[in-house]
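Common to both upcoming complexes is chain A, partnered first by chain B, then by chain C.
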Partner chain A sequence: MTAQPLLDVNDLTVEFTTRRGIVKAVQHVNISVAKGETLGIVGESGSGKSVTSYAVMRILDRAGRIAEGSVMFSGIDVKAASESEMRDLRGREISMIFQNPRAALNPIRKVGDQIEDVLRQHVQSAASDRGEKAIEALEQVKIARPRERYHAYPFELSGGMCQRVVIALALACNPQLLIADEPTTGLDVTTQKAVMDLIVELTKRRHMSTILITHDLGLAAAYCNRVVVMEKGRVVETAKSADIFARPEHPYTRKLMRATPRIGVSLRDLLPEEEAAVSPRAPTVMAGLDPAIHQSSEGMDPRVKPGGDDLAKSLLTVEKLVKEYPRQGASAVLSKLFSRKPPVETEVFRAVDGISFHVGRGESVGLVGESGCGKSTTSMMVMRLLDQTSGRIVFDGEEIGAIMPQAFARLPQRKSIQMVFQDPTDSLNPRFTAARAIADPIIQLGDIRGRDALRARCEKLADMVGLPINLLDRFPHQLSGGQKARVGIARAIALHPKLVILDEPTAALDVSVQAVVLNLLQDLKASMGMSYLFVSHDLNVVRLLCDRVIVMRAGRIVEQGSSERVLGDPQDAYTKELLTAIPHPPLPV
Partner chain B sequence: MLTMIGKRLMFAIPSLIGVVIVTFLLTRALPGDPAAYFAGPAASKEAIEQIRKKLGFDKPLIEQFFRYTSDLAHGDFGTSLTTGQPVATEIRNRLPASAELTLLGLIISVSIAIPLGVLAATRPGSWIDHLCRVTTTAGVSLPVFFTGLVLVYLFYFRLGWSPAPLGRLDVFYSAPAHVTGFYLIDALIARDFETFRSALSQLILPAATLAIFSLAPIARMTRASMLAVLASDFVRTARASGLSPSTVIVTYAFRNAMLPVITTLSMVFSFLLGANVLVEKVFAWPGIGSYAVEALISSDFAPVQGFVLTMAVMYVLLNLFIDILYGVIDPRVRLEG
Partner chain C sequence: MSSVAPAVEPTTPERTSGLAAMFEHVRYVLGENRVTAFAFCLLVIILFAAIFGPYIVPYDPLASDTAAALKPPSAAHWFGTDQLGRDIFSRVIVATRLDTFIAVASVALVFLMGGLAGIAAGYFGGWTDRIVGRIADTIMAFPLFVLAMGIVAALGNTVQNIIIATAIVNFPLYARVARAEANVRRNAGFVQAARLSGNGEARILLVHILPNIMPIMIVQMSLTMGYAILNAAGLSFIGLGVRPPTAEWGIMVAEGATFMVSGEWWIALFPGLALMIAVFCFNLLGDGLRDIVDPQRRT
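For the complex of A and B:
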């Protein structure tokens, strides 16, 4: 380490002018990055980790400003530099990679042109060989057939490929510092590993420094030399990553680490120490619990509860389920209308390719796989929101696969299959209060009539999911992410369903909130005797919540069995690949 | 590309047939008897009956319709009863007048509104943002006949800068040789700069009136869509890569922001083309809007049908043009072509 750090953030305070006065997003933050070092900034949403990095590049939006402190980048005072000096720094000396790569690229400009824009701005090459340089940049990030991809638009590339393009863009001018702001959030684990390995390889080779901003402790631990933990705009702990995981000093760091799902712990272990002893739910609900189930979920590992392995007892049986989509778009239909030629045999894409599985009563089954593997399509068909091409879906002894999705909404079975959606914000009507959202299925399908009875039911449901009664009259934008997730769960269980399909219910939540919500789901399942079909790409979460796991790839099931067996001793090569891709933090148990 | 255009045109045929049927029925359903109207108030019952027979209105509706459509198929739009001229000729003469006025109005409007909207979006809360807001609000809230009259009062009556608002050309000039029907262009082709100047001076006030009116939707749309694009992730990426503000605004923000603006533009254009009757009235402009309204008042079926059909064809062509333009700007649209 050289004596002079590449980046030195000293006593940084960033203020935002809002309608409700000045908000300090970052307060008295000290961060330094040495040459060639990889620094992780870890924190949950609202911790100020992104704002800090924006302040370093001085790309805060209009309302934000550096109020106090200094940012020195290799001898340049970022706070005092002129706008044109800053422009020369950005992209040439300091580059940034963003979350959501597809949105980070101009949708109507060829990726090659976008890379050339940066090269032109920083006069990195003569106009004649700029195209070659851009292709070389694409080659560097290991994009296959870079010469073709040069002419591609972002929408023609996959998420992982787009992130490679963003990396190529960021590294095109050989910067000294790379800031990666949640670079792999929303990508599949194997893609995440590939992208992170690529970043590390490229930055190592060029002796660059990296700041990795993430909410994922495991990721930070696996890839960083040092880690800075931030909470509510302040740095609470800075240490070498080996040390911070072995001996976390600050209570917040410990809480974060406890909440991170990992091997060898139960769901209860994720909760903060003081809460782990008591249930996260209101005591009134606990009183209504079957003591035996209560004990089992409290005392021993809930995963080892007997599942419905017996097919006869199973709640849901899916046999040879297939969903095909025509490959051609709407234009094919039009040409068919007008051309006299016999229609060409349309090529079909099998999103789900003949899968069979079952879900027992009171069992929770995890459906895992990467994006595009057909897990969501499967859940939509079971949910009867989508018609299958062939195959049988038997629910509670009755064949429901033959029922058209439109007709299913009027049948009594509709009540028995409910769903919790991925995005707690988007899945709530912004003009409904929490109470109205929870009451919605009851109004549509339930038998409770009358304002007071409905209200009482909503309050009971809110109580069950641990949502304070006084929040019931709020609108979604007035609720936090965790509270919105609770509203979504309350809505799903409002009609006492037998099967709840959980589509990545915690993917948008912070780890500490995720820990609470997962425990809530576990308790609700125990007390209401529901079955879960848990769709997720997070194997660690599946391991904690599910009795059995189904691993899907390209529309087929590659492996299924008990969570312990599949995730502990995987047989299929693909399952192994998924498991090794998860970054394992050196966490103390 | 060509197959796409062909397909689109084929899809327009059913809607055009629908337009033919609906306008035919609607004009027949209108109150008022054209025969009685043309016979005059003093005409006897027999005279009215005779006129009706002559016009073919005594035949059953279905027969009238078939005759109408077979005429249409031969390019015959019928004859106006008020002017005695074939409708096709009149529309051919009047459409360029309306189109020239609307186009110039729109060009003026776009060349003010888009920079105004862009500037307002890049400097929210500044004086130019307020100017944008005030101008657009004033533009929509003032009715066109009012702004038209104020302009005439100011520039013709008070200042005497512009000629009398009496049609497309001053009486001393004759229309340039017909090439496009747009006097400005025809005069340039004929190298007759005197006529060009005269035509322009006649055109500028009504065009300005239209521009003031159509400024608002275009400027507002530009501002809103620029603001949305400037807040998007890829603009942040562009800024974080150190691109200059002009590159960020023009290449990254503006091109993306133009997509909704183009849609607005097409709506404004088609609206102005057929609906600027008031402006045409104020400036005695021989356009198709006033022609259609006069025909409607006198229950003169043929021009009304001709007008509606012409407008329908214009809409189809305009939409096609906009879709092609969309495809040029946005590669994502091309896929579905």
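For the complex of A and C:
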């Protein structure tokens, strides 16, 4: 490290004034970034990693303020600088890439104009060649046909392209420091790799410093020189990224590393050492079931043999499933408005293009693919929330594909197919308490009547998913992400379903919470004899939880087989590409 | 910038009873927001006058006393007397009940009609949406007060018809707000989850979606409450609706207006002030109410 770091954060404390008094989001944090260095700040949600970067840019919202410490950026005291000095600094000297590229771009302005705005703001070029400069900036982030894209609106570009535009914006004025706040969250793995490679390449070439804020230890280790680990507003460890994996010193770092899904470990290995030592939850889970449910599960159990691959005995069989959406252009709408005839050209978009697969009893099958590959559409059709265009869905020996989604809600099969949603916050009614949310399916379809019986059942379910009983009367916004996920799982298993569709159930969770939730799902499956259809883009998670994997691309299945075979020895080029795109941290031996 | 907010650990739950917690919450919201607290005080006064008005006023609001006609405000008659010698203070207080009743009834009616039609339109889309949308457009195509006049003139000059007219005039506001709010929630995760739980469409609409759009509807109700009072008074002012000698702010302003020229300002001023305060109160209340019903604030 050079004697004079570019950015020097010294003993920084940031306070937020809230309804319950002052909360210290960041406490006594020391961070320094040398010129040309890439620093990773790693931590789970609420660790204060974003707040630290906002303090550096001085863009904390009104309730927050820098209480103690100093932030020095190449000789300028950020804490004392005037607002106009800061405006000058932001964008020209320090710039930032935000998490959601679509939200960071103005939706009603062309991307080229937005880049020109930054140039104009910081007087980086004469009006005459501003357009050329903007095109050049687009070229540098490797956007194909930059002259055309200059006139594109953000909604016309894909997520990865938008992130490239945001990078172009951030780098337009050749800043000295780039802060990237979760730049690839929400992007597919292959896009993530492309975007990260681009950031690293561009910053290296310009000899810029970068702060990469992420929750993904693997990503940080793969792309950063040094890594800072934060927990609850404090820095717990700072080390070279090669060292941090080889010799993690702080217990929290070790816990994070353990929880990160990777090759060569089992689900149990993800849990912290002390918890993993405890015997699996399964026996206590069984004890928690009331007798009636227990019996019914036994009545069904004799046929349940995990991994029963026999097609005849499989729980769910999907044959040649197709979902088409009409692709309506402006001309189609106009012709519909002005002529009574149906539009002549009926161009359709096949979201799901004739796929066939099966799920055995007690088996968990992973459905993997990048966004837009049709995996969610498939799960929605199996779930009977969406009508298919053609094809058969046979569940438990009965054809359910012909039943209209509206009619399905009242059929007995509804109880047998349940789902855990991707976003635990969005999937809980904000006005229902946790207990009411869990009870909802029981009230509608179950046979438990009476307030006390319902409450008892809810408490049992909460116990099964490891949700403290005293949290049952809280509203979703009073629960943490992991607790909300547990409520969602409790609701899904409340009716003792045979098939549970898990739609990226851990995508919105921190790694340590993810580890616990994945283990919980595994235990529940073992004790209740359910089958899982696990929809995910995270191959490492799928590897841990699933017996078989189906890889989808553009509405078709490109490869399917046992997890070991598909992920260990992929045959299809696309599967290989997916696997290599996962950031591989230097693993401890 | 919500992601910047520090993750506040939920405090240990003190299991207070629902009513006490609600009271605590209302107290907090009022303490935070002085304007809302002021509006609440006004509301309490208005409600008190509406309920107990006839029992506390010093004079019979209908009794005329020609000897004391057109007297300016004095110790005996705080707001003065009108051309028939009736006590204006008593009449203003007693009128509160009728005016508030008309407003509350019409707002309740329009909430039922417009709110339900709106969420159905937003949730089901398609033909339901088109029909509700066109009805709203048709109503909006008329100058609203003229439409209200037309309805009362056609249906007859009664309090009931003023309520119906006011409700119809406000229909588009409710239908549109409810439609927009229901529309964004129609494919929300919790609605999908409700479908999986076996909830029928009607139940999803009423049990899952309606409570979630209540905060915004309540703000809407409070705002239109002021408008409903004005509308009712306006109809009475031009001679439609409530008939003299009933005490009603609109009629009183109308009666007083003719005396303004000759210098008897108090006849129109005081009922006008009462009208203004009532409208003012309900408008201010809107924001405060939203804070109270919004569960996000109930931490």
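Keep in mind that, in the parts below, the second predicted complex is superposed on the first by the 551 of 589 C-alpha atoms of A that agree within 3 Å, B and C clash if a C-alpha of one lies under 4 Å from a C-alpha of the other, contacts with A are read in each partner's own complex, and residues count from 1 in each chain.
Operating definition for what follows: contacts are C-beta pairs under 8 Å (C-beta built on N, C-alpha and C of every residue); 3 or more make two chains touch, one makes a residue touch a chain.
Predicted model only: the values in this text are computed from it and were never measured.
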Contacts of A:88 with chain B and chain C, given as first, second, both or neither: first
Which of chain B and chain C A:499 touches, first, second, both or neither: neither
Partner chain in contact with A:211 - chain B first, chain C second, else both or neither: neither
Partner chain in contact with A:491 - chain B first, chain C second, else both or neither: second
Contacts of A:508 with chain B and chain C, given as first, second, both or neither: neither
Chain A: partner with more touched residues, chain B or chain C: C
Partner chain in contact with A:45 - chain B first, chain C second, else both or neither: second
Interface residues of chain A shared between complexes with chain B and chain C: 59, 61
In the complex, chain B residues that touch chain A: 7, 10, 124, 231-234, 236-244, 247, 251-252, 255-256, 329-332, 335-337
Residue ranges of chain A in contact with chain C within the complex: 16, 18-20, 23-25, 45-46, 48, 50-51, 54, 59-61, 63-64, 99, 233, 383, 385, 405-406, 409-410, 414-415, 417-419, 421-423, 426-432, 440-441, 443-445, 470-471, 473-475, 477-480, 488, 491-492
Chain A to chain B touching residues, read off their complex: 57, 59, 61-62, 86-92, 95-96, 98, 100, 103-109, 117-118, 121-122, 153, 155, 166, 169-170, 329-331, 334-335, 338
Touching residues on chain C, where the partner in the complex is chain A: 1, 3-8, 10-11, 13, 15, 188-190, 192-201, 203, 208, 211-212, 295-296, 298-299
